[in-house]
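Below are the structure tokens for one structure; questions will follow.
In this document, chain identifiers A, B, C, D, E and F correspond to the written order of the chains, with residue numbering beginning at 1 in each.
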Amino acid sequence: MDPQKLAELRRKYADAQVFDAQTEKFQQIAKALVGDNPGGARPKPYSGISTLLDAPIQEGLADLDIALIGVPMDLAVTNRPGARLGPRAVRDVERIGPYNHASNTMPHSLARFADVGDVPFRSRYSLDDSIADIASYYRDVVAAGVLPLSVGGDHSVTYPILQALGAKEPVGLVHIDAHCDTAGIYEGSKFSHGGPFRAAVLDGVLDPERTIQIGIRGASEIIWEFSYESGMTVLHIEDVTRMGIEAVVAQARAVVGDGPVYLSVDVDGFDPAFAPGTGTPEVGGLTPREGLSLLQGLDGLNWVGADVVEVAPMYDPTSNTAQLGAQLLFEELCLLAKAVS
Amino acid sequence: MDPQKLAELRRKYADAQVFDAQTEKFQQIAKALVGDNPGGARPKPYSGISTLLDAPIQEGLADLDIALIGVPMDLAVTNRPGARLGPRAVRDVERIGPYNHASNTMPHSLARFADVGDVPFRSRYSLDDSIADIASYYRDVVAAGVLPLSVGGDHSVTYPILQALGAKEPVGLVHIDAHCDTAGIYEGSKFSHGGPFRAAVLDGVLDPERTIQIGIRGASEIIWEFSYESGMTVLHIEDVTRMGIEAVVAQARAVVGDGPVYLSVDVDGFDPAFAPGTGTPEVGGLTPREGLSLLQGLDGLNWVGADVVEVAPMYDPTSNTAQLGAQLLFEELCLLAKAVS
Amino acid sequence: MDPQKLAELRRKYADAQVFDAQTEKFQQIAKALVGDNPGGARPKPYSGISTLLDAPIQEGLADLDIALIGVPMDLAVTNRPGARLGPRAVRDVERIGPYNHASNTMPHSLARFADVGDVPFRSRYSLDDSIADIASYYRDVVAAGVLPLSVGGDHSVTYPILQALGAKEPVGLVHIDAHCDTAGIYEGSKFSHGGPFRAAVLDGVLDPERTIQIGIRGASEIIWEFSYESGMTVLHIEDVTRMGIEAVVAQARAVVGDGPVYLSVDVDGFDPAFAPGTGTPEVGGLTPREGLSLLQGLDGLNWVGADVVEVAPMYDPTSNTAQLGAQLLFEELCLLAKAVS
Amino acid sequence: MDPQKLAELRRKYADAQVFDAQTEKFQQIAKALVGDNPGGARPKPYSGISTLLDAPIQEGLADLDIALIGVPMDLAVTNRPGARLGPRAVRDVERIGPYNHASNTMPHSLARFADVGDVPFRSRYSLDDSIADIASYYRDVVAAGVLPLSVGGDHSVTYPILQALGAKEPVGLVHIDAHCDTAGIYEGSKFSHGGPFRAAVLDGVLDPERTIQIGIRGASEIIWEFSYESGMTVLHIEDVTRMGIEAVVAQARAVVGDGPVYLSVDVDGFDPAFAPGTGTPEVGGLTPREGLSLLQGLDGLNWVGADVVEVAPMYDPTSNTAQLGAQLLFEELCLLAKAVS
Amino acid sequence: MDPQKLAELRRKYADAQVFDAQTEKFQQIAKALVGDNPGGARPKPYSGISTLLDAPIQEGLADLDIALIGVPMDLAVTNRPGARLGPRAVRDVERIGPYNHASNTMPHSLARFADVGDVPFRSRYSLDDSIADIASYYRDVVAAGVLPLSVGGDHSVTYPILQALGAKEPVGLVHIDAHCDTAGIYEGSKFSHGGPFRAAVLDGVLDPERTIQIGIRGASEIIWEFSYESGMTVLHIEDVTRMGIEAVVAQARAVVGDGPVYLSVDVDGFDPAFAPGTGTPEVGGLTPREGLSLLQGLDGLNWVGADVVEVAPMYDPTSNTAQLGAQLLFEELCLLAKAVS
Amino acid sequence: MDPQKLAELRRKYADAQVFDAQTEKFQQIAKALVGDNPGGARPKPYSGISTLLDAPIQEGLADLDIALIGVPMDLAVTNRPGARLGPRAVRDVERIGPYNHASNTMPHSLARFADVGDVPFRSRYSLDDSIADIASYYRDVVAAGVLPLSVGGDHSVTYPILQALGAKEPVGLVHIDAHCDTAGIYEGSKFSHGGPFRAAVLDGVLDPERTIQIGIRGASEIIWEFSYESGMTVLHIEDVTRMGIEAVVAQARAVVGDGPVYLSVDVDGFDPAFAPGTGTPEVGGLTPREGLSLLQGLDGLNWVGADVVEVAPMYDPTSNTAQLGAQLLFEELCLLAKAVS
């Protein structure tokens, strides 16, 4: 290279510390991260008390735009239990964020958010009570004007969240999953993790015509009639392959429109190679590159909340599922942060 | 959504049980599954004695269209042993089937099938005897007019299966694998898992010109001369990338034509990220979405049998390989069920 | 098939041993492998003392074209340690090579190479000394006219390697990674694994304008300003998706041109599903099929050396990462072997 | 050795097959195992459909002395779920039995037993219904005059079993566990796995004064008051260390006396090094040598049933816990078989 | 049992909640745990933000008797790194404490303690700086009159802790370990994890004649001369076997006497079956029952601090090591809590 | 401590390097290890090409007292295969030796030994040929006057080793195992891993009256008649518990006497908590402390060779089994080294 250019680089960078930047763009994002102390003190990723996306710990919702909430409940699974340990597993993931290059977002600059801990449950034995406890907790979140960003728990937790969020007006939904989760009453319970979106529609809190379900596959098709009958848009995995992600994004935006919309991501929407740590895996799913592109394409919608569910760490020997869950949570945070900014 | 539509949905679905359906299409598939007892008793996936694809257990072949058969033998491996535990691992997989949305198939409605247990072997020490035992067993299956659907074991087991199936007329073959498995005599044995398809051609039970091998890669190329010389069609993984699955399907159909054809899937055809539990993994393989699409595209051929081989669960900490194996087995069951219906 | 053809096949192949070949092409590659003893003695993959790519063990560099070198040092990681065990893990991988079908290369025929062991380090406690020890070792390799093919260790080891290789003339670089690794001084050290390529540019041993970085993603973007300011070409993972590998290859060739060029592959460039065993995984990375195609496309450049870094086996329960690392190393060996032949 | 003796050995044993025996004692046990076909056909351990202790599969209880029963229910856990997969894990264990050298018992010769499958449950969501379903099932077992030998499931399953067994007369209990499991109502439920033995006493089906609890430790002591107040004998792990197993056996025999007695073994009674696969592990537990000696010492009591509970295979990467569970089940089978013979 | 006694039990316990107690002893410990709300709200073990022993989170040392401190630093290991993730792993352990039956201790009633987070480090690359950072941090702890209870990190962290604790007066030491850790300068550094206790003696902060080392074994003996020459008492594992734990306790108490004494537990003192997750395992170590008895026997000494070190979770697939580490930490908390009460 | 003593310690040790020693005893063992370069260059345990016990690599047997030999063959297993990867796994273990404190032995000072690689096998498919290949190889070892120290492979490999060692005179045997391994012809083969010691006796190369088998348990008792009938001494695990190791040592010494004696250790003699990585685990086995004490007690016998067998690393997620195997190998090396010195 040109010796003069090398000299110039040396002049500017020879003693530069890790967060020193010479250009305005990078100075801005560095400042958002470490303030005015560039050489300084970012916590080491393996150190300290673990929180969701390394957010600060806060009791209560005061002054928050977005609340990161754990929902450690898995009484509604149809197969392998364990998602009750999902929030802990996602908290333990390090090195996610703070800057999203693909969408050029720095949520720290856009919104106030914190890890407010887990939904408190009366009983670890009662699915009915647990659903009620979640609904009650999220009504408070809604009342406080805070957007909830949640980590399950099994997918049944999304139903009471939608009860709170859609109480005034039914919301739309972008739903990534291997399963439609619109089954009927399952062995006596309408709260199974196979049915939250049927229940939400029947309650009038979810608008099926503004709902899109992406990544569907596997043998459970047999119980997803309600998705079709209620007018949901169902994209099976073979549709995703055929269409490509760009077209999926376009269809999702068209389906949900401008109204309030919720984002629910079940990690089993992804192939078990990427997300083995879940209770009802289905081979042949989305790749993380598809999934992240999809979320990044949903920028600018009228988001009212989001979740990542069904991370079950005992089936996740590499922690890949928790890492993917945390990255998805960060993408959701970016979407919500823009929505509140 | 329209209040009237919501009211209608509520009327139809408010009390609907998990297998209740309101539309004929879904009623049909639900009925095939749970009979006339929609709210009722499907076995829980984590419960009961495990069988291949949760098929009923049957001793003997009476009244069967298709026999699900375990072949727990791995004396022919060139590298890491363990596929003798493959049938057990695939039996333990839950939640596969019963309905195949992608191909709109419900094999329970089309064919009578059962898990008939494992091929009995005289000796766990003699590869030669084991090959003979398999051939003998499958001659009985063929004589009974039953289509065999098998789980290996290492890939050497396919040779005696082909001996039985091709005894009257050589069969064609769709073969998914990282390796052509057409090597010569290996350290004194012609039964190594590197050579079943050469042996079958030389026996006149396999037609090389009606044989296609898909997913080939890795360093063993050095010993696959016979594939080319005998007239097999060899698609390396880079061919799959270049052509796309639709073209691969078309070529496979063209190669095998209308004659009797066998389907043999070695799980090492898939990338080790999806199928680590196997003895001779090769990085850079098929994805499950490609593989499943490929199988679904082979609908309507003149199938005489199929297998999934080389699942070795001790290298499979997430059970992903067994899950993929079971899903592949289900796709094969769908193909065979249509063939006998 | 035609009976005459079958008879002919039988005549030629009925008694053929595994490495017997009837056609010249295959005879050549078989001979390179097992000499004139076709039925004979290839070592079993699970047997013997393990070396990199099963190369012979050699002390010193005499008569070598290419030296396979372990660099077991991980004092420079920002997050999870363990890559010091990377060379051992890659040595334990079996069944890689000797023939590369995709690029039609048999490196044994083209070059003399050996596993010369690991770089000796004065101290396991001093990052500064270790960097100096590596630089010193590679100066000897360069002086001997031998091309180094290395297995890390963390990515900091590439900086002293470049110091040796670029001493006379700055080299170009093809760099596969999730991270640009062009950060500034990190907590007091300029040798962190986040900064080798900034340090190399500032030393004048690496030409940034002849450098391309492929697969970049994740949150560290915040510290990669130097890549842009120095004129490196940065392809984020979404660029790879958008362009396709063929275009990436073309751009890489255009960037590095005809001058001397180094190849550095961090396994975290790949998605954690394929390469979980690494210290700073980032979801959403390259697939092995992309990565191998990319390397195969770089045939014929003026290679001066190559490495694979950041394999950390304690996070790799399936050994997939080590297997991928070994396959990448073999692809690199093919490139270097052609370069010296 | 003496040449004549060697000649004699050769005469008798040179051609002897694996189950050939020359002495009466061994002929008897071999005959019980393989009938009159000594060279012959024992199933290979890695082959076939898996059942508890390789017992035959039987629907219903007809003609049985002892029924091996799976109870795959874990809705009552206080911490990590997963024991619903315990019966499957224990079924997959191979090579347990058929002869118990330490107690010189061959249960096949003493009793008719079979794997009768799993307790059917109405709902996977209702702990209350599940407890009722178990009670109902075991009332049938008792009515049929069959001794139940069960595999959990979490420890809550023992309460309804005792309800059935103690309906006419309260039973005594030998209870191996880290926890007394005599807690009160837990978050609204009296069916938690922390309380089965309090509930059984209060129902009058378990006699606390004929109950001994062995291996107790950990922090839950805080909730075991009822054990002391009701008159149970509690041996903490430090008591076991101090007394030695022989004295523990003597005390257990003294406590339970001659009346009907049940045996319940929670695998968390063992140290997590031996039994990691369980939901509430406590470091510092029994060793298998202690536990097996203890069970062997309880020979000849008036046994009415037995169980092994809390095997949770997702926390059991070596399958050691399932293996220990299966061995314990076999020891229990030996005790029950003697009791019915 | 006596019907009247049963009636009485029913009267008292039929409706009792989990933390209800009828006797004073249990009421006291229950009250210390859940206050006056017996039926009420103990956090679920799988829920919430994880801290050491579920202690409250506190910034700073105000009003504390004992500070639980993480020391995530592993730059001093001689072999496998990873103990930097030890504090996180121990925080994730659930269900330890609050009551110690063996020593009848309820630390919550005796002392104020909190998880104050991790020692902040200037640099993850400098062992020397890290040692200085620890020393500085603990000088503040000592100055505040707070007893430190620490989780490593590798064993090098104990040296700067002792520098702070022994500044006024050399302390005695009970040291459980496979290694004496009294080596000399190691590859240029006196801070290796093989040498903290030599360094401490030479600094005059540790009294070797009041030091006992328990569990020593393995090949490193070759470098422990200093233990003998300085007058430490060294008990090899075979001494422990021979003497029994009671005698070991007696000797430990005799050696350390009445002066201030520190307790340092390296988890590799335990056999790798119980504690595989560590960097330098040595087969043939202590059992947890021995280790816990040993600590319980050290009640009433003049404790000035304690630690558990060398937990490395990437080698700990069952989490057994972290669980053992947490239980040891709780035993240490009990000792310290009595010391400050 | 006394200030003068502290001053003296500082004078001697303040600048001492890790292998500096001030006392003669330690100087001797340090010198044997690092020569005259105390501060210097011991290889780092995670670095370099792996060999058995870090012994030098040597082709051929010239000038050796003891040859470390791998025997990677597992065609004779009755259950789970995998021990063919045992030698590799044991080679990968680091940090074993060089000094044995318990027996005060430094084998480097007493004997010349090397890792001579693995027995070459004609075929990986023929058990019969493999047994012959081993016999042939060991005849050369015996002819060279070298003591063999071997790592299996399954236990069948000990039979051909004994054929070579006992050719002139039958040897005695100390045999640690869960199984007597004296079964008859197994499914047509007399080479099963269940029968090496019957075959050796019948060949006249093993003296059953000078044979002791220690640790026997599990259900295979049914086929061990030959042990009793031939006059072997059989110590079941309950005998070991009852007698204690000291008495076991005494009995072993009495049984084998002064004649030539071989030592064979099957890792399944140990409890699966300590040695999960093996094909036929049996719960309730020896502890490493017992096993190591036992070997150390056998010092001074007339050893002619030794082995460790049945390490199967795919069942060994913590590598504990390989570590135990390596430690046992080192104890055996100490015994042999003394025997040749």
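Quick note on the criterion: a residue touches a chain if its C-beta (ideal position, glycine included) is under 8 Å from a C-beta of that chain, and two chains touch if they have at least 3 such contacts.
No experiment lies behind these values; they were computed from the predicted model shown.
Asker: Provide the C-alpha centroid distance between chain A and chain E, rounded to the nearest whole angstrom.
Answerer: So the centroids are 38 Å from each other.
Asker: Just how far, in Å, is the C-alpha centre of chain E from the one of chain C?
Answerer: Roughly 44 Å separates the two chain centres.
Asker: Do you know which chain C residues sit against two or more other chains?
Answerer: Only 44, 46, 78, 80, 84-85, 124, 186-187, 192, 271, 273, 315, 317 qualify.
Asker: Going by the touch rule set out above, what shape does the chain contact graph take here: line, ring, star, complete or other?
Answerer: The chain contacts form none of line, ring, star or complete graph.
Asker: Between which chains is there touch?
Answerer: The complete list of chain pairs in contact reads A-B, A-C, A-D, A-E, B-C, B-D, B-F, C-E, C-F, D-E, D-F, E-F.
Asker: Any idea which chain B residues touch chain D in the complex?
Answerer: 41, 44, 46-51, 57, 70, 72, 84-85, 87-88, 91-92, 115, 117-118, 120-121, 124, 317
Asker: In the complex formed with chain B, which residues of chain C make contact?
Answerer: Interface residues on the chain C side: 1, 5-6, 9-10, 12-23, 26, 29-30, 33, 39, 44-46, 94-102, 271, 273-274, 287-289, 292-293, 317-320, 323-324, 327, 330.
Asker: Using the touch rule from the top, collect the residues of chain A that touch chain D in their complex.
Answerer: That would be residues 74-78, 80-82, 84-85, 122-127, 129, 186-189, 191-192, 314-315, 317 of chain A.
Asker: Give the list of chain C residues in touch with chain A in this complex.
Answerer: 78-80, 170, 183-187, 192, 194-195, 198, 201-202, 204, 207-209, 216-219, 221-223, 225-226, 228-231, 236-238, 241, 271-273, 276-277, 280-281, 283-285, 315-317
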